[in-house]
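Presented below are the structures under discussion, each in the form of structure tokens.
In what comes next, chain A is part of two complexes: it sits with chain B in the first one and with chain C in the second one.
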Partner chain A sequence: MSPALQGLITIIIGVGGCVGYFYFSNLFLDKVLFPASGPNAGRNINRAGMIRPWLFLAPALIALTVYLAYPVVETLRLSLTQRVPGGGYVWVGFDNYRKMSGEPKFWEALRNNMLWLIVVPAMSTAFGLLAAQLSDRIRWGNLAKSLIFMPMAISFVGAAVIWKLVYDTRPVDQEQIGVLNAVWLAFEGGPMSVLFLKIVPSLGLIAFAAAVGLIAWVFVRPMLKARDQVGGGTIPLRLLVAVAALWLIYMSLRSVIGLAGADLPYGVPQTWLTIPFWNSFFLMIVLVWIQTGFAMVILSAALRGVPEDTIEAAIVDGANPFQIFFKIKVPQIMGTIVVVWTTITIVVLKVFDIVFAMSNGQWETQVLANYMYDKLFRANDWGVGSASAMVIMLLVTPILIWNVYNARKEMR
Partner chain B sequence: MAELKLKNVEKAYGEVKVLSNINLDIKTGELIVFVGPSGCGKSTLLRMIAGLEKITGGDFTIDGERMNEVPPAQRGIAMVFQSYALYPHMTVRDNMSFALKIAKKSQPEIDAAVAKAAKILQLEPYLDRLPKALSGGQRQRVAIGRSIVRDPKVYLFDEPLSNLDAALRVATRLEIAQLKESMPNSTMIYVTHDQVEAMTLATRIVVLAGGGISQVGTPLELYERPQNEFVAQFIGSPAMNLMAGEVIETGAQTRVRLANGGEAVSSVPTLAADMGLKVNIGVRPEDLVATTGPAIFTGEVEITEALGEVTLLYFRRNGGDAQVVAKLPGIHNDVRHTTVALGADPSKVHLFAKGISLLYR
Partner chain C sequence: MDNIVGKKSGLTWAVHISMAVLVALWLFPTLGLFVSSFRTADQISTSGWWSALATQERQVPAIRVGGTEVEVDGRFVIEGRLFSAADAVVSAWGTTSTAPEANAPGDVVELGDGVTLTVAEDGAYVLSSPVSTQGARLPRIFSTAATPPEFTLQNYRAILFEPNNTDGMSRAFFNTLTVTIPATIIPILVAAFAAYALAWMDFPGRALLIAAIVGLLVVPLQLALIPLLKLHNDIGIGKGYLGTWLAHTGFGLPLAIYLLRNYMVGLPRDIIECAKVDGASDFQIFTRIILPLSFPALASFAIFQFLWTWNDLLVSLVFLIDSSGQTTVMTKQIVELLGTRGGNWEILATAAFISIAVPLVVFFAMQKYLVRGLLAGSVK
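Up next is the complex of A and B:
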């Protein structure tokens, strides 16, 4: 039988089965189990009404239990056991976690994940917001939006292949097919190279440090002012933000100094994905490229929802376009920004395909999900693999809860 | 302290002119009300004065300084929006101090200005609340407070009361009148479609219609000496009755024979050349009285509406004639389905030829 026909039959059976389940189970409830007639009609109607929601929810509940709840419990169990040669398991307690924490590759993955966690949601949201704001004001804005949104339609693996070609390297004497190397070879060490490869990136890093400092200041300032009341619960969060910001500022300023003294290998094609530390960023760009479209679409809708009156009032009050954007528009869509940010954060924590397809975790680009896959299916170490899966879940859960909380707040 | 001058101001969207030939002098301390039917351009004119809409022709000056291209913030104006336009993420205090912060005023200066405005508007207990925790009337007051703190030359109000319920509207109207009273030197421009607001608040009313100014004048001028049929019918409720006729006697008083068979005498003087002129007479419902002498209008009362202090009598229409309405003091439900003859004092009978009052030709 042709596969297309098989597919069609499967669809018909599947959809028909669903419709049939709801129709016939409802019929059974109303006509056979608690018929709305006879001496107990009233009581039966009430009982049928109580059972009906559970009847309709049952398929979803069963599917969630079998495919979501059970695997979580089973993974937890596996992470606490060890397979013995010849079949069977032994209980080993936290041995797998201890073993995992002794592996440098795990810490590398965790560190990279943290880096992804900071860079990708921040860049995607920032670029998305920028694209949303700018494309709303030009005539061909909708075309620009479609182009920016398009990567969303490409699978992660497809995107990874595209970008692998961008980063591609050929020997010196051959034509470079990778865009990045083609651009790189255009720099020969003259003044333009210094401008574009040292001064501009340095300015970018300093601007980033300044932006981080500004955000930290916004968080810390209320604690220093007597007039504004600060809820006691937020103080640790504010301090955490401040410490993280200080670290980021230190890192970026150190990079500026490093960049100033660096002796760049002009004229030599680079194998970008093997340059430690920076290669993680080359991978992150792929996800930023994909997620910016998502952020832009949601934020664009939110920006359009900002009442025009408040913007006009701000114009009359004398605010310039930057003040209108940052003090009037952005605060009003803050809830949406948080939802977009956390949604992307969850995607980032689970990132697997891009790393798997582009570097497979080599050259210090490992991330947790790829580490898990590595342990679980390549090394066949189910214990450690499951343990790393539990770590990912532990990291995702609080963000997920916060995300759902914020999304619900937005809907109210 | 501000004098506004609009000279041949016009607004066009591409080829379509929505406002043209707007000439208006506004003096310091006046409260000018723009009224007109929906779509007459009154809000557009206000937004042009505010700087939110481009002025496509003519000159607009404040205190002699041309303002056509000046950005809103530097015109010395403050605006209260119909929807209040409060910044939802800022407390009442921050809402009121936003403009001052943008202008880089010192903190003590800002605090003093906010405290003063809050005192005038009785907003002191709410300064640290967000707009969503305020009632409609309180929000309106915050919006007004936001203008006061800036101490502008000109206050602009864009239908500020239309989002309030009836009782609150009356109370807030009074508050605005008191506010104006306490700031005799401030100039205010107020847009509304509610003629009661216009009549009660205005020093002068500007009636806008069909993309231009129909008449400018004090509320009583507009009521007693309307320049044209549009103003005559727009000001006053119910609208002025208009009846077609022909001049049959001229002089210090004019006699008109009406198409409905009645006869009216008006104290509007006419020239001998006006003999036989086709005119519309206009009589306000409240000026019609029952008469035993020569009647302007005789008809059967079809519907009565007793409002307590007055009763409105709606007469049966004859063919294509306009509805005639009379407004009599007291309650008169018993005249329903009876035939009544109505007359009016000659000084209350207006004459219009081709839509324009004969007083102004």
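Up next is the complex of A and C:
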């Protein structure tokens, strides 16, 4: 049977089955089980009313349980067991986790994932905010927004091909067909090269370090002032932020020094995806390119929701456009920025296709999701594969709790 | 918004320019792929796509003389052209790889035994010999020529319409379609009923269920791969379309229920209560009132689910594609091509663009609903 025909039949059976199920189960409930007539009409209506929601929910609940809830439990079980030859499983406790933590590839994946977690949400949100703010002020803003939003429709694999063409490398004696190498070869070590490849990136890194410092200061300051009441529960979180910020500042300042002394290989085409450490960034750019549109659309709606009178008041008080943006608008949309940030964080944690298609984890670009795929389907090691899936789940859990907490607060 | 007090901002130009730069940066990579898919393999490998519109002077790979022999005045003559393009201009040519630019266009070169060869400026060549060259090894022509910009649909023809092409995308295209359509329609229906129950019916445990669905929204589907593959094998579905449809349905449901419930809660209570007073059952209220009113939310989710299933690689890799390779989808086919045809950009670019084209059309046609869905899904 041809798959297209099979698909058509599935649509008919699926849709017809759903409609039929809902229709006949309601009919059965109303006419046969608890008919709304006869001596017990009132009681029957009440009983039918108690059962009906579950009739409506049943298919969805079954699908959610089987396809999402059960796998979480089962993966946890698998991560604590080991397959034995000939079928069956034996309980091995935390052996799989121990084995995994002994593998350098795992730590490489975890380190890269942490880098992705910092860089991609930060850059996507920053670019999205910039694009939202700029496009709201010009007449062709809607067109500009559509074009920046467009990569959202492109598959990760399609994006991987698009960017592989950008990063393409040809031997030194041939003409370069990748944009990045063509631009790279235009630099020859003169003053312009120093300006664009050393001074501008250094300024960027310093600005990044300053921004991180600012954020850390916002978190730490309440602890230093005695008169502010700081909830005891938030102190570990604040300290964690401070430590992470110090590490980031240290890393970026070290990069500035490294860059100043670096001897850049001018005139030689680079194979961008094989340069350790930096190649991860070339992969991240692909995801930033895709996610910026998402951030822009949501932040743009939030920016429009900022009350006009607060802005007018700021203008009357003589604030310049930058002050209006950073001191009036951004604080008012902070909640939305957090939502965008966490949503992109979840996407980043699951990122698989880009790495799978572009480098497949070679040259130190491994990430957790691809590491897991490697273990599950290449090495056929279900124990360690499930253990690494649980690590992804563990990283998602804080966001999960935060979302549920917010949703419950909202419903009250 | 700076114009509120009637003052024109001096930053306007800076805003226009930075926005233009940003848009150009975002568009440039896709444009490169699009342009490349219309160029020939030769053109792609010898010049960047950004110079596709410029005339290019370059050394053309050697072309062997060939064609039908005609007897004219006692000599055997073969005439032919070096290029299919009419307006290429030859600046130099030669017959050996050591001296590929030895002769100017129009020169008549003696090749020995009375054989002569001449190449005109427009690429037409004439080989003339006193004896028949039938069966003999004919000379090669090296040339340097300026070729005007040229675009071709040949790549698309080869990838889409040649049934025997192993790099072809036509089978993968239909497979993707087969995965996508049921996997988009079925979750909508299932989710709509559940969302109605969660929005407008009162029963114990409702708040808990909603919280659970919000939680399930972020569960990584990586966790589901092995347990579900095992389950599918145990109940006899194995790898195939049915399992893929079910998996996509399961993974799409939390977002569908969440989006639809949020939308349905916002519908006016009066309409529903009036209908109840008039004696409508819940089923009737749902199909006659709620479903038509919820069209925007249904459309947003449909687009999400369509884009997600069309662009998906992981679910198809795990639940659909078996060792026979008959059920490959486009994303998998492209990854395969990246491995085997890494340097053949005419194939890669065309294949990728074919897979991108449908979502792009959907995106531009239904952008309004997509944006609405995004806002409903994340802004609180």
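By our rule, the second predicted complex is superposed on the first by the 391 of 412 C-alpha atoms of A that agree within 3 Å, B and C clash if a C-alpha of one lies under 4 Å from a C-alpha of the other, contacts with A are read in each partner's own complex, and residues count from 1 in each chain.
Assume a residue touches a chain if its C-beta (ideal position, glycine included) is under 8 Å from a C-beta of that chain, and two chains touch if they have at least 3 such contacts.
Computed from a prediction, not measured in an experiment: that's the story for all the values here.
Enquirer: Can A:Met150 be said to touch chain B (first), chain C (second), both, or neither?
Expert: Only chain C is touched by A:Met150; chain B is not.
Enquirer: Of the partners chain B and chain C, which touch A:Gly318 in the superposed model: first, second, both, neither?
Expert: First partner only, chain B.
Enquirer: Identify the partner contact of A:Asp309: answer first if only chain B is touched, second if only chain C is, both if each is, neither if none is.
Expert: Touch partner of A:Asp309: chain B, not chain C.
Enquirer: Contacts for A:Gln332 in the overlay, against chain B (first) and chain C (second): which applies, first, second, both or neither?
Expert: first
Enquirer: By residue count, is chain A touched more by chain B or by chain C?
Expert: C
Enquirer: When the two structures are overlaid on chain A, which partner does A:Val66 contact: first (chain B), second (chain C), both, or neither?
Expert: After superposition on chain A, A:Val66 lies in contact with chain C alone.
Enquirer: Let me test your reading of the model: by the given contact rule, A:Pro104 touches which partner, first (chain B), second (chain C), both or neither?
Expert: neither
Enquirer: Once the structures are superposed on A, label A:Pro39 by its partner contacts, choosing first (chain B), second (chain C), both or neither.
Expert: A:Pro39 contacts neither chain B nor chain C.
Enquirer: Scan A:Leu134 for contacts with chain B and chain C and give back first, second, both or neither.
Expert: Touch status of A:Leu134: second partner only.
Enquirer: What residues on chain A does chain C touch that chain B touches too?
Expert: In the superposed arrangement, which is not itself an observed complex, chain A uses residues 312, 315-316 for both chain B and chain C.
Enquirer: Going by the contact rule at the top, pick out the chain A residues touching chain C in the complex.
Expert: So the residues of chain A touching chain C come out as 3-4, 6-7, 10-11, 14-15, 18-19, 22-23, 26, 30, 50, 52-54, 56-57, 59-61, 63-64, 66-72, 74-75, 78, 127, 130-131, 134-138, 141, 144, 146-158, 160-166, 168, 174-179, 182, 289, 292, 294, 297-298, 301-302, 308, 311-312, 315-316, 321, 324, 335-336, 339-340, 343, 346, 349-350, 352-353, 356-357, 369, 372-373, 376-377, 382, 385-386, 389-390, 392-393, 396, 399-400, 403-404, 406-408, 410-411.
Enquirer: Touching residues of chain B toward chain A in the complex: what are they?
Expert: Going by the criterion above, the answer is residues 50-52, 71-74, 77-79, 81-90, 98-99, 102-103, 146, 150.
Enquirer: Looking at the complex, which residues from chain A come into contact with chain B?
Expert: 307, 309-310, 312-319, 323, 327-328, 331-332, 334
Enquirer: Under the definition above, what is the set of chain C residues touching chain A in their complex?
Expert: 1-2, 4-5, 9, 11-12, 15-16, 18-19, 22-23, 26-30, 32-33, 36, 44-50, 174-175, 177-178, 181-182, 185-186, 189-191, 193-194, 196-198, 201-203, 206-207, 209-211, 213-228, 230-231, 241-242, 245-247, 249-251, 253-254, 257, 281-283, 286, 307, 310-314, 317-318, 327, 331, 334-335, 338, 345, 348-349, 351-352, 355-356, 359-360, 362-364, 367, 370-371, 374-375, 378-380
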